[in-house]
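One structure is given below, encoded as structure tokens.
All chains are identified by letter, namely A, B, C, D and E, in their written order; residue positions are counted from 1 within each chain.
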Amino acid sequence: MDINFLIILTIIIPLAGVPLILLSRNSPNLREFITILTASILFLTNLLLTINTLGLSESKTFVIVNFFPGGSIQLTPEPLGLIFGLIASGLWIVTSIYSIGYMRGKNEKNQTRFYCFFALAIAATMGVAYAGNLITLFIFYEALSLSTYPLVTHHQSESAKQGGRTYLGVLLTTSVVFFLFGIIWIWSITGTTEFVSGGILENEINPYLTGILILLFIFGIGKAGVMPFHRWLPAAMVAPTPVSALLHAVAVVKAGVFSVLKITVYTFGVENLSSNGASEFAMYLAAITIVAASIIALKQNNIKKMLAYSTVSQLSYIVLAAMIVSSNSIIGSTLHIASHAFGKITLFFCAGAIYVASGKTEISQLKGIGKAMPLTMAAFLIGSLSIIGLPPTGGFISKWYILLGAIQQEEFIILLVLIISTLLSVAYLLPVIYLSFFLTPDSKIDHGEAPTAILIALGISVTLTILLFLYPTPIFQIAKFIGN
Amino acid sequence: MDLILSHINYWVAIALMMIGFYALIARGNLIKTIIGLNIFQASVFLLYITFGKVSGGTAPILQKNTELYSNPLPHVLILTAIVVGVATTSLGLALVVKIYESYGTIEEDEIAKLDAQEEN
Amino acid sequence: MLSQLPALQVVIPLIAAPLCVILRNKEISCLVSQAVSIVSFLISLILLQQVLNQNVISYALGGWLAPIGIEYRLDILNTFILVIVSGISSIVTIYSKKSIEHEIDSEKIYLFYTGYLLMFSGLLGMSITGDAFNVFVFIEISSLSSYAMIAMGKDRRAVSASFTYLVMGTVGATFFLIGVGLMYAMTGTLNMADLAERLPKVYETKAILVSFAFISIGILLKLALFPLHLWLPNAYTYAPSVVSAFLSATATKVAIYLLIRFGYTVFGSDFVFIKYPTAEILASLAIVAIIVCSLVAIFQTNIKRLLAFSSLAQVGYIILGISLNNLNGLTAAIVHIFNHAISKGALFLAMGCIALVIGSVKIKDMEGLGKKMPFTAFAIVIGGLSLIGVPLTAGFISKWYIILGALDKGWWVLAILLLLTSLLALVYVWRIIEAMYFRSSENVYKINEAPISMLIPMYVLVIMTIYFGIETSFSAGLASEAAKFLIGT
Amino acid sequence: MSLEIYIDLILVIFLAITGIAVIYVRNLFAVAMLSGIYSLLMASIFVVLDAVDVAFTEAAVGAGISTILMLGVLAITGNREKVSNKSPILPLLIVICTGALLVYGTWDLPIFGDPNAPVHTHVAPEYIANTYKHTGMPNIVTAVLASYRGYDTLGEVGVIFTAGVGVLLLLSRRKTTNKLNQKSKSEDQS
Amino acid sequence: MKHHIVPRVIAKLFIPGIILFGLYVQFHGDYGPGGGFQAGVIIGAAMILYGLIYGLNDLKKVAPSNIIISLIAFGFLLYAGVGIVTQILGANFLEYGVLGHTQKEGQHIGIILVELGVGITVASVMVIIFYMFAGRKN
């Protein structure tokens, strides 16, 4: 099929899902069938797109509309975007299955609204993945923030609204003040915002200005969660768990780090950055975030909060890897988007499963729960291993490449940071396993495993985590295109 | 001295204007505000007419044996402006009546007080 | 026939006004207003087409050529303004019927439409004319009719607001008159093109500086730039919905057009921006306006008032664009005149729907509106997003250009400040959205959606808000053509 | 010539006195009369300055119609101005600044009555020279008003029309409500 | 003042004179000072005087407010209508030359007509404003 057609389809399919979901609001079964069907078709479309595109020697651009003279909304399928598109659409299927179990298990209200905005968020994510220039990226980035807001405030309680305000406030503020400013600045320097292999800023400005611009983007893309603009992530924890999974693993945060990566590669250019060292400062900023967020995670008792801070830390791995700017670290960074996605979604699914089955939300309550929910907790173990970066999980591979990149660029402080943070992640994740399997519960446990739909979803995500370790080749192959 | 003599007319117009302007902004009574507006505008008209005067000229109505006429254009403009002024005045007065009927007063600060009460 | 169009542009609505009085029928006068607005809109589009072909159209009224007689002078800028004013008027009049019947005594409806038509033709006359004194006359037509229109609001505060507006508006017009008088005294002419030619010879005189000052202050009073804005919030809040919508979308915009016209064409940008620090003064006033008025807007409980303060802030953006005196800045100003007209128009029309259905525009009465009046609520969301400048809405385009303009001028701190201030808009818009969608109302009684005859015109504006956020060759394209024409590149 | 100046000066002094009196007198009837007198004096000055048409109008409007209207309104609203505790400092400051700015602006205006001022050398001479040729009317002001700048005058009629419509909108009463009001009033009294 | 005989008699004598003077001013404006606006004010003033002396209701019998309202519009329409007519005759708006056989004649006709429009509108607006204000007193 024609690539242009496929690429526009990736956005239209989830959008088309919205009215269908709305129409079927009176029949939950049909509604959720449509959700999963849309998700599956979307994934297949992405797959087709990937296969069709990789054969081409140069990327094709599809212009949706000419915005104003010289600026347009356009989509370009390129390797980085394809990987992200595949991950996001694939995990949408899994999350949908999971949501069905969760939402029905908890008897949530406003489920139709939930599925609608979920689909909208995915459409926006697809736009971020295939954005062909900075303007398009920005537009879909904002659309993603707005479409996930109703999801975060789903409960409509006072705390949900508070969390929603922080969420939207931080994300929009950073994006409008820094991100947009950076984009317009680049436009006024170069007259274009196109994503071009090798970057568009070569020889245009001096390293200091480049450094400032990088900072504008790192801070501007608040979704990447680099400190001090990470507050929205824990605040968004008021959302239902599938939303947290969506935010933290599938769409929002990944859209953030993905944007950072994309801008590094296609706007600044890897060669350009590695030669002038403009990214140094941003790199240390990411390093600080990694360590600081891990320490905060260590102190959390609420499972979702702990996972949130773990996400903040893990995201900065990706940013850090991008800022190291070597071919290996870029590959590592790309892989880490995938491996963290699979690992973290597993962990969130587990947290949700525990909540649905037992109503527990705090780590200290989990004593002995492993016996009642062995499958869930086993999945938790696999997820943890991936986050820590141990075999047999995808996390090992991605971390390995980041380390290689750091060595390649002789960034030994970074190496040290990576080691410390690995130890810290062991320290905040393993106690959960320990508690649940080796301690006796305070009170009698009278519940079993989570609903089947949840378990199916968990099974898929665990499988993906391990598969990424066993067969990293496909993603690795695509990632290699980026390095060139 | 020459400057004073040749410009005194303008300054007089300006002084009158400012008297009107002061009555307009300093007085709290709505009718006085309107009268201030009238005086202010009438003095602006004087400034215009002053521009149009030619020494030794006569009114711009063509007559035999007359060569020098004052400039008719400012007169025309001011005729229009006077009409505009009276239109504004009558509308303003209509508003005053309306205000009196709904507030029972035409003093600015009392109206403001009543409005503030409503706000709370 | 085609050559007579410039005159007809103003004369048709002007003649329609007395016709309404003679016919004395509310249904017919409503129809007449609608027909006249649409005809004007079509005329303005044809004129736009002509202007694009031949740059400038001049029409000699009474057949007397320019400095002797009064001239209509159309270029891209004011034809664009004509299109905006008459387009908005078409939508507003189509919308108006139900809203007016609800808010105005039925015996007075024909007079109301008469006043409306006068206001409309006054604004058209201000935009189209090429004669400085004629501007004054039409300012007064539009002002006097808007005083009367505003006073028709149901709340008694409408009357006192109207009186304040009358006083400040007349002072503004008189200042303008003084300025024109001084210009006339120094050049002997009232025709704008002629003035532009003759003024450079007397640039050095004090009289011209003072004349510029008075004209600017007069216009700034009309366009309500902080701190000369005191009349506007109450006027917009208590006026009938249709009037608020029309005035907010067009009246201040035409005043802004006058500022551009006098600044760039009559006095010339060399005089205004290079000889004197006008840019700095205007820009600082504009920034204060944006910040202060946005902050005040955040704390309003009456949404119409909130929108009024938001309008004041948006006027600040436009003035800022003008003060930048470069292509991007001026483009931003002109395109924002257009973009703000459509999005603010949509918002005020939505307020009209709410006033009709609920009878209140207080924020606490709008809770849970998202479910009860989904279409109106959604219109408010889109309009609000455009005020913030969210991408894919018209507001974003203006923001983009104004920041480019600030960067071109090297004022990058200003650029950041501008982006920050759009967050203030986010706060006040979000208060409305949160109330509508994320609070459930305590009132249990059933509310219906507004009538379809009001929803359709409103949605025309809503769709335009989105359309012109995506496809900008009409709005931004024309704006940048006009800016190029003014700057002379 | 010198007589003209003296008349001018005396009139101007009277004007200033009237103006200041308007500010300080608190009886609004008196103020309305004073404003009428102000207009009459102004009209006299206009005559001195050759603007007979303007003088005629100012006298008819300022001294006549405006005064009648004011008196009419005062009959409704009462004629005492209350003592205001507004501080006069800010208005005074504004007025002084505005006045100073204007005086500054007049500094290099052409000398009063100078026949070579731009006002008298551009556009206006053409009216004086051609009016009779074009329109056959001796009164140049009428010709300019109704023909050369006839469009301004159309606007002027538009303004008057607007004022009429505005006043009608504001003050016309429904006959039915009138009766209702009277009813409710009588009920209040009883 | 309804019951005072002296003003009533004086008014009876004066009002026709004032109106006559108004008409003179109206149609003599081409030659001397005056024109539609001044004439309108004078005639309006005469009618107001009538109203003041004989009472609002008597004046309303002579000049019913409906007719006056229509006259406001009519005067304005007359003015603008002249412009439209010149347009129909192929000239620009308000280009009176085409109204007559010669330029001068056309100008003359045009000016008289528009001045008449001004006079009618002004006089009737004055009267209607008087009606509105006087009607408020009770």
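To be clear about the criterion, a contact is a pair of C-beta atoms (placed from the backbone, for glycine too) under 8 Å apart; a residue touches a chain by one contact, two chains touch by 3 or more.
Since the structure is predicted, the reported quantities are computational estimates derived from the model, not experimental observations.
> Touching both subunit C and subunit E, which chains are there?
B, D
> Just tell me the minimum hop count from subunit A to subunit D, counting one hop per pair of touching chains.
Minimum number of steps from subunit A to subunit D: 2.
> Remove subunit B from the picture; does the complex fall into separate groups, and which?
one piece
> If you count the C-beta pairs in contact for each pair of chains, which pair comes out on top?
Summing C-beta contacts for every pairing gives the maximum at B-D.
> Relative to subunit C, which chain's C-alpha centre is the most remote?
The chain farthest from subunit C, judged by C-alpha centres, is A.
> Taking the mean of each chain's Cα atoms, which chain ends up nearest the overall Cα mean?
Central by C-alpha mean position: chain C.
> Name the chain whose C-alpha centroid is farthest from the C-alpha centroid of subunit B.
A
> Where the CA atoms of subunit B average out and where those of subunit C average out, how many Å apart are those spots?
28
> How many Å are there between the centre of subunit A and the centre of subunit C, using C-alpha atoms for each centre?
The separation of the two C-alpha centroids amounts to 44 Å.
> Using mean CA coordinates as chain centres, what's the subunit A-subunit E distance in Å?
79
> Can you work out the whole-Å distance between the CA centroids of subunit D and subunit E?
So the centroids are 20 Å from each other.
> So which stretches of subunit B touch two or more other chains?
Residue numbers touching two or more other chains: 21, 51, 59, 61, 73-74, 77, 79-80, 83-84, 87-88, 90-91, 93-98.
> For subunit E, jot down the residues that touch at least 2 other chains.
Only 31-33, 37, 69, 72-73, 76, 80, 83, 93-94, 96, 122, 129, 132-133, 136 qualify.
> Where in subunit A do residues touch two or more of the other chains?
none
> Where do chains touch, given as pairs?
Going through each pair of chains, those in contact are A-C, B-C, B-D, B-E, C-D, C-E, D-E.
> Can you tell me which positions in subunit E touch subunit B when the two form their complex?
So the residues of subunit E touching subunit B come out as 31-33, 37, 122, 129, 132-133, 136.
> Which residues of subunit E touch subunit C once you look at their complex with the stated criterion?
69-70, 72-74, 76-77, 80-81, 83-84, 87, 91-97
> What residues on subunit C touch subunit D, complex-wise?
Residue list for subunit C touching subunit D: 14, 17-18, 21, 61-62, 64, 67-70, 105, 107-108, 111-112, 114-115, 118, 121-122, 125, 131, 133-134, 137-138, 140-141, 144-145, 147-149, 151-152, 178, 182, 184-190, 198, 205-207, 209-211, 213-214.
> How about subunit D: which of its residues touch subunit C in the complex?
Residues in contact with subunit C: 101-102, 104-110, 117-124, 126-127, 147-152, 154-156, 158-159, 161-163, 165-170, 172, 174.
> Under the stated contact criterion, what part of subunit C meets subunit E in this complex?
4, 7-8, 11, 14-15, 17-19, 21-22, 24, 59-63
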